[in-house]
Each structure stands twice: as C-alpha cells, then as structure tokens.
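In the part that follows, the structures are each spelled out as structure tokens.
Here come two complexes built around subunit A, the first alongside subunit B, the second alongside subunit C.
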Partner chain A sequence: MLRINVRYVYLIVFIAVTIPMIFQPNLPTVTSPSVEMLYKEIESLPRGSRVILSLDYDPSTEPELQPMAEAILRHCFRRGIRVFGMTMNLQGQNLGTKVFSKVAKAFHIPDDGTMYVYAGFRVGPVLLQMGEDIIETFQTDFVQRDLRSLPMMQGVKNLRDFELCISLSGTSIGYSWINWPGTRYGKKIALGVTGVLVTNYIPFLQSGQLVGLLPGIKGAAEYEHLIGYEKGRGKQAMGSQSAAHLLIILLIIVGNVIYFMGRREERRQGQ
Partner chain B sequence: MFRRQIPLALCFIMGVTMMIHFFIKHPFVQSDMLNEASNFATVIGLFAMFLGIYSLTRVHWMKIRHRRSDWFFSYLLFAALLNMAILGNLIGTGADTPFQWFYDAFMVPLQSTTFSLLSFYMASASYRAFRAKNFEATVLLIAAIIVMFGRVDVGPWLLPDTSVGNIPVPGVNELSNWLLFVPNNAASRGIFLGIGLGSIATAFKMILGIERTYLG
Partner chain C sequence: METTLGFLDYLQYSVAAFLTLCVFSFLWRDNVFYKLAEAIFVGTSVGYTLGLYYKTLAYPRLVLPLFYQGKIHYVLACVLGVLYLTRFSRKYGWLSRWPMALLIGFGSGMTIPYAIQAQVFKQLSASMLPLWSSAGFEFNNFLIVLGVLCTLFYFFFSIEHKGKLVKIPVRIGIIYIMISFGATFGYTVMARFALLIGRINFLWYTWLGSIFGFHA
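This part shows the complex of A and B:
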C-alpha cells in the first residue's frame, strides 16, 4: 500500500489545490502579531513619509510575495506615504514595475515621481552605498528618468531620509537588510518572506531588529484583511493553501497508520 | 613567487578596510574609503558576470559539439540568451517592450511552475517517508502537523481558542505560534550564534592568511 504509484498522490494534490481556486471558500482570517506589527508601524507614519519597498524576489516566488507587495503598496498609498521601490534581485526587476503600475492605477496616482519611484536593480553592494548616497547609487529610475528630477526624491540624500525599509524575498537577502540598513544605519526593517524561511527570521523579530514579519502567503492574506482588501491574491490563495496543508496532514496520518499496521503484521508473522 | 603573496595581501587589505569602518567614524573612512571599496565590489561582480557567461557558453558549446545527452536544449539556451541580450540592449527593458513580453510569457510561468512542483513532491514524501519511528520523530511529526494546521485559515476555524470551565484551552493558531516563537526560536538562536562565531573565526583566519584554501 505504501508503494502506491506517486502519480495518484500528484493527482490528489492537483484536485485539492484546484477546487478551492474555483469555488473560493471564504474562511475567516486570524491575524498574527508579526503582521499586525508592520501594519501598526505603517499606520503610525505621518503623511508624506518615505518608505523603501525592496521587491527582492524573482518569478519563482512571485505568487507568494507579490500579493504582499500589492497589499503594502495599497496601505502606503491610502495613507499618503511615498514609496521608493527597488530590487536586489536582477531577475525580479521587471516584476516590480508591474506591481507599482497596477496599484498606482487603482489609486489614480500618476507615474510622475511624486508618490512613488521604482528604481529597479543595481549591481554591487547597493545596501552599503545607499547608506551614503541613494541618488548616486541608482542615478536613474527604471525608465531612465534622472532621480534628481523626481519630486519625491527632492531633499533625499541617503537611508536616513526614509522612515522604514521593507524587503520581500525568498532568499537570505533579509539578513543583509538587517545587517546594513538595520544595524549599520539604524533603520527600522520589516520583512516579508516565503513560508519556508519564516523560522529563520523569527529570532530577529523577538530581538527587536525587525518591526514586522509577513510569513508567506498567509502573511499576505492577513495584511489584506487588516487593510480591508478582501479581494487580494493572498486571500484567494488561502483556500488552496488550506486544502494542500490538510491533504499533507492526512497523507502523513494515513502513511503512518499503514506503516504501523504493516509492522504489527510483520511481528505477528515472526511469532 | 607572488602568486600567493599578492592575493593574500589583497585579502588582508580589503578585509581590514571593510572591517574598520565599523570602528572609525572619521568622514574619510565613512565616505571616500567605503565608496571606493564598494566600487571594487561592483567591478569584481561585473567580471564575475562575464566569467559566468563565458563558462555557460563553453559548457553548452562542448555539449553540442560532442552530441551529449539533451544537446538540443543547449541551442535553446543560446537562442534565449542572445534573444534577451539583444532585445534588452537594443530596445530596452521597460514596460511594453518585447523584453518585458518574453519575460512575462516565458520566465514568470516557467520559474513559478518549477517552484510549485515542490508541493507535489512534499505531498508524496509526507506519505512515504514521514514516520513516527521513535520518540524524537514523533515529537517532530506532531509539531509539524500543528504548525501546518495553524498556518492556514482552516486551522483556527476548525480548532479555535476555547475554554473548559474557567480554564482557557489554546487553539491550533495559538499552539502554532508558541511552537514557532518559543522552542523553534531557542534552537534558531543557538544555531545563529554558532554560525556567527564560526563566521568571525573563519573571516579572521582568511584575513590573516591562515586559511588559504580559497587560493586553490
């Protein structure tokens, strides 16, 4: 029984993940303290503050992290907070421009560099250079406009001119944000990470080195819930995520029951 | 003679340069020296990129030349490499460009699909390999089930916080958070401290030229 053809397991997973996508079950969302912390941090910022949102992911983790980016951007724009977008992941820089355009369009914000700037990717030790001179580090935004000419960047010199840095990633780049902008330049750091990385970053949350942590797609769904955006991709994905988790728990239980039944049978035959 | 001394000297100079800016607040150290050192990193990074492209091209060219298994896919790699490089350099990489179209139509679905295959392998592995064979494995298994159940909406909905008489009984969400923030945190912190101390020791050994394996 344990040597079942794995293709049947794959088929069951496929069905379990697909059905909630179609029927969209509306389960209640319970928020976590680490997500509430980031929400409160952004709520506490005065109108016109500047925030760095670094979209440090590539297409492989986009389904888990882009909903976070969208929810955070929505929150910032609703509160009148200006956002400097960037990425530390070359393969992800074209994802950033899409999410900024989409959310700005929803809020009728023109792409004139007043409320947001998306600078894309730069090679080198960018986090270190940003601590000294952001304009010199990036020089232009993603569509090659001189950063000095954009209204949001007037009076900006370096990291000190930003209230909060948020990095969304599926890699260990979060440590660099904690080490450089966080420890070296004393900035407040919040992270959004894929589900598998959450446990790595929890110690930094408890030590106060992080002011918020969004854990995987659940974190995105919780943030959407907090800002009252119930139609987001995070919430939509929670049905499939719930079904997949339940199925894996069920498979573990079934696998163990069969395993112990087999062992009992072996013992009985041995006697 | 200098094949070893020069790299060792460079390693020492750059290692000390990157370290002292934490301790010396002089503007020269904090600004000019740090910027210059960062520029070195940028230039080295660019050289590494060219080296990577050269290495990739060489490996796949040899594959085609010797008709090794799946050699045909190497042609696809060259086509994709040249296509993206030409489009990006000639027309640009901004929104509404052919580069963006290829990125959205190929790169995004291919990478997302590859990553999402993990869920299928995990489901299969959970059925075949996750066994409560001894006490430690049983503890791990129970903890994993609680965390998996607590990290999705359906968990707190099915097993919410409740109380028996005056005694509060934590739900699966509360239990999951406790597991993540207490036992997991303690273990992670211990591991991080070990990694940190190990990294400092290794860095010092490299800066001082005691550890030389990176020289080849």
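This part shows the complex of A and C:
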C-alpha cells in the first residue's frame, strides 16, 4: 500500500507550484513582528543616514535572499537613506551589482556614489577592520573607484558612521555580525536569513541583539507588503509557497493514515 | 520597466534553462543529461572560484604589493602561504603546521571572547526573566524560563533519567526540543520550496516569458 511511485509526488508538487505562479492569486499578507521591527527601524532613520547592507549570499540561496535585498534597498532609497553595499561571500559578489543597479535604475538614482556604494568582497577579518577604518579596509568600490572620492563616503571613518547594519545570508555569517559589529562596536544589527536558519537566530531577537529578522522568502514577501511593493518576487512566490505547504501537510496526513492502516492490516494478519 | 533583450540574453537564458531541465531530469532517473549538467557545474564553479580568488585575493593582496609596489615584507606572508603546500610532502609536511598555528591562534583569539559575550552571556541574561511584574504573572517569560531549564535538564547526563522528579522535567524538555525541530523542519520545507519556486519562476517568466513576451 505504501509503494507509490515517487514520480507522481514530484509531478503533483510541480503542478502545485506552477499553477499559482501562472494565475498569481492575490493572497492576504500578514506581517510578523520581527519584519515590522526592521521596517520601523529604517522608517525611524533620518534622511541622509547611512546603513550597511551586506549581501552575504551566493547563487544557491539567491531566490530567498535577493528579494529581501531588493525590498530593503527600495525602502532605503525611498526614504533617502544612503546604502553601503558589500558582501562576505566571494561567489556572490556579482549578485550585489545586479540588485543595486536594478533598484537604483527604478528610482532614477545615478551610480555616482551619492546614494549608494557597492564595495564587493574583501578578504580577512573584514568586520573587525571595518570597526577601525572602513576606507582602509575596502579602499575601492566594486568598479575600482577610490572610496575617498565618492560623495557618500565623505566623513566616513568606521562602523560608527553607520546607523544600522543588515546582513542577508544563508550561512552562519550572521553570528559574526552579532559578535563584532553588534557586540564589540555596539551597532544595531538586523538579519535576513534563509528558512533553514531562522530558528537559529530567533533567540537573538528575544535578547535584543537583533533589531529585525526577515525569515526566508516569507520575510521578503512581508517586507514587500510593508513598503507597498506588490510586484516583488517574494509576493509572487507566496501563492506557490502556500499551495506547496498545503500539499506537504496533505501528504504527511495521507502518508500517516496509510502507514497506520498498513500496520493495522499486518496486526490483523498476524492474529 | 521594459528592457530590450539581445541575442546574447536569450542565449544565456536558454543555456541556463537547458541546464536546469537537465538537473530536474534526475527526478525521473539518473541519465546522461544530468551527468552533463553536473560535470559542467563542477568544472565551471571550480574555474570561476579559482579565477575569483586570484582576482580578488591573490592579486591585490599579494602580487600587486610584492611585485609592483615593492613591499618586500609581503614575502613573509607569501612564504607562510606556500608552507601550506608542504602538506603534500611526507618529509616536509610538518612545516604546514606553522601557518595553521598562526591562523588558528589568530582566529580563536579574535572569535572566542566576543562569541562568549554575544552567544553565552547575553543569551543567559536574556533567559533570566521576571515571572511577576506590575501587570501580574508573565506567562511568556514563564514559558521561556521553563523551556531553558527543562531542556538543560534533558542534557544533564550525570544522573539516570529515572524517577518522577527527573522524568517530568526531562519529558517537558523533550517536548520543547521537538517543537524546535518541528519549527526548523517547517522553515526548511519553506526554504527548499523557495528554491524550487525560484527555478520555476525563471523557467516560466524569465526564459519562456522573454521568448513569448509575457511577464508576471
């Protein structure tokens, strides 16, 4: 009874994911407190403030984290907040340029280092060095322009000149942000993480070490909802995500019913 | 915002779509297309990473200062780096312990104090919560304190988990751990589906949408 060809399950999952993607049902979005916290934190920053957005992910986690990056950038640019972009993930540094130029283009912001700078990846104990001297740590941006020459970086010395640090990652790099910029330099830290890691970081919210946490693609969708960006990839994914979750719940129930029925049958035959 | 796509964009999307379908074909069974995609992935990712490491790390941090800016003291770092390669020799393999010792010593010194402060002390103080306040009994705080104590009790192996006094907190600890596993599993399902949705989104809107002119 339990021997079902697994390919049927794959097919059903494929259909469950694809149909909502095509028809795009308009599902209501309920925002969670950890996402609202980050939204309010950015809302509370005065115009012209500087934040660090570290895109610490690579292509393997891009579908979950790039929508967050896009939504946060949109929020910052809309509020007139300047963003210093960087990455702690060597393989993901090209993804950063893509998201920065896409959002800047949407807001008609020129790439002249006034509203944003994308510095890419640097090797070494970068987070500690940033606490001492950011210009010396990075020296140039991703396209090799001297950081000293960029308007946004005028008067910037180290982490103290930034109001908030946000790291988006699918690894344990979030702990490093909490340990050094958070604990040593006393900066406000917010994280956006892949679904797998959410439960690891929730205790840091409760302890006040994080000022916001975006949990996976759902977090991206909620943030898009909060900033009123209804065409975001996070919101688009929610129909498929909900259908897939319903299907998984159904499969777990069916699997258990079949299992217990099989066990009862075996017991009856044994008697 | 509409953007005009060129032939190279279509080609790029089509190659990516073909490789995605090759990987998905493994769901049917192992086949030559899957193996092809796997080999291309391994080859390109190793090549890409090596190139990136040279461009981002080796060139600006070693080659440029040492050979073009005359910073001779970088030789020391270069020698330490080269010592790693002695691991391949049985006779001189012990030399690789020097750079490793340096790295481990530096890494531990840099990490341990702040990790203990951020992940142990601050977490401990965050779980020492008042159970009574001016508003009355703090049920949420009670749940947190109970969870911390009972889960710690479960991991206390110096006494056998027998007798009601021990068994009850251990049982409660197990329930907390199971809830945590359940939450992690739920989030993991969400994460895996997000990746699948990302790929199907690419196939449907980015690839087919760019060819047939429809979008989300």
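Quick note on the criterion: the second predicted complex is superposed on the first by the 271 of 271 C-alpha atoms of A that agree within 3 Å, B and C clash if a C-alpha of one lies under 4 Å from a C-alpha of the other, contacts with A are read in each partner's own complex, and residues count from 1 in each chain.
Criterion: a residue touches a chain if its C-beta (ideal position, glycine included) is under 8 Å from a C-beta of that chain, and two chains touch if they have at least 3 such contacts.
These figures come from a predicted structure and were not determined experimentally.
Enquirer: If you stack the two complexes on chain A, which partner ends up touching A:Val143: first (subunit B), second (subunit C), both, or neither?
Expert: The answer is first: A:Val143 touches subunit B but not subunit C.
Enquirer: In the overlay, answer first, second, both or neither for which of subunit B and subunit C A:Trp180 touches.
Expert: The second partner, subunit C, only.
Enquirer: Would you check which partner chain A:Ser101 touches, where first means subunit B only, second means subunit C only, and both and neither mean what they say?
Expert: The first partner, subunit B, only.
Enquirer: One more residue to check, A:Thr114. First (subunit B), second (subunit C), both or neither?
Expert: neither
Enquirer: With both complexes superposed on chain A, which partner does A:Thr29 reach: first (subunit B), second (subunit C), both or neither?
Expert: After superposition on chain A, A:Thr29 lies in contact with subunit B alone.
Enquirer: Taking the superposition on A as described, I'd like to know which of subunit B and subunit C A:Gly255 touches: first, second, both or neither.
Expert: first
Enquirer: Please indicate which partner A:Gln241 is in contact with in the superposed arrangement: first for subunit B, second for subunit C, both, or neither.
Expert: Both: A:Gln241 reaches subunit B and subunit C.
Enquirer: If we overlay the two complexes on their shared chain A, which of subunit B and subunit C does A:Ala221 touch? Say first, second, both or neither.
Expert: first
Enquirer: Name the contact category of A:Ser172: first (subunit B only), second (subunit C only), both, or neither.
Expert: Touch status of A:Ser172: no partner.
Enquirer: Need the overlap of the two footprints on subunit A, from subunit B and from subunit C, as residue ranges.
Expert: Subunit A residues touching both partners: 10, 13-14, 17, 60-63, 91, 93, 123, 125, 128, 184, 195, 198-199, 203, 206, 215-216, 218, 241, 244-245, 248.
Enquirer: Spell out the residues on subunit C that touch subunit A in their complex, using ranges where they run on.
Expert: 1, 27-28, 45, 48-49, 52-53, 56-57, 61, 110-111, 114-115, 117-119, 122-123, 125-126, 144, 180, 183-184, 187-201, 204, 216
Enquirer: Which part of subunit A faces subunit C closely enough to touch in the complex?
Expert: Residue list for subunit A touching subunit C: 7, 10, 13-14, 17-18, 21-22, 24, 60-64, 90-91, 93, 105-106, 120-123, 125, 128, 175, 178-180, 182-184, 194-199, 203-204, 206-209, 215-218, 231, 233, 236-237, 240-241, 244-245, 248.
Enquirer: Inside the complex, what are the residues of subunit B that reach subunit A?
Expert: So the residues of subunit B in touch with subunit A come to 22, 30-31, 34-35, 38-39, 41-42, 45-46, 49, 93-95, 99-100, 103-104, 107-112, 114-116, 119-120, 122-124, 126-128, 130-132, 141, 144-145, 148-149, 151-157, 173, 177, 180-181, 184-185, 188-189, 192.
Enquirer: Can you list the residues on subunit A that touch subunit B in the complex?
Expert: Interface residues on subunit A, with respect to subunit B: 2, 4, 6, 9-10, 12-14, 17, 27-30, 32-33, 58-63, 91, 93-95, 97-98, 101, 123-125, 128-129, 132, 142-144, 184, 195, 198-200, 202-203, 206, 215-216, 218, 221, 238-239, 241-249, 251-252, 254-256, 259.
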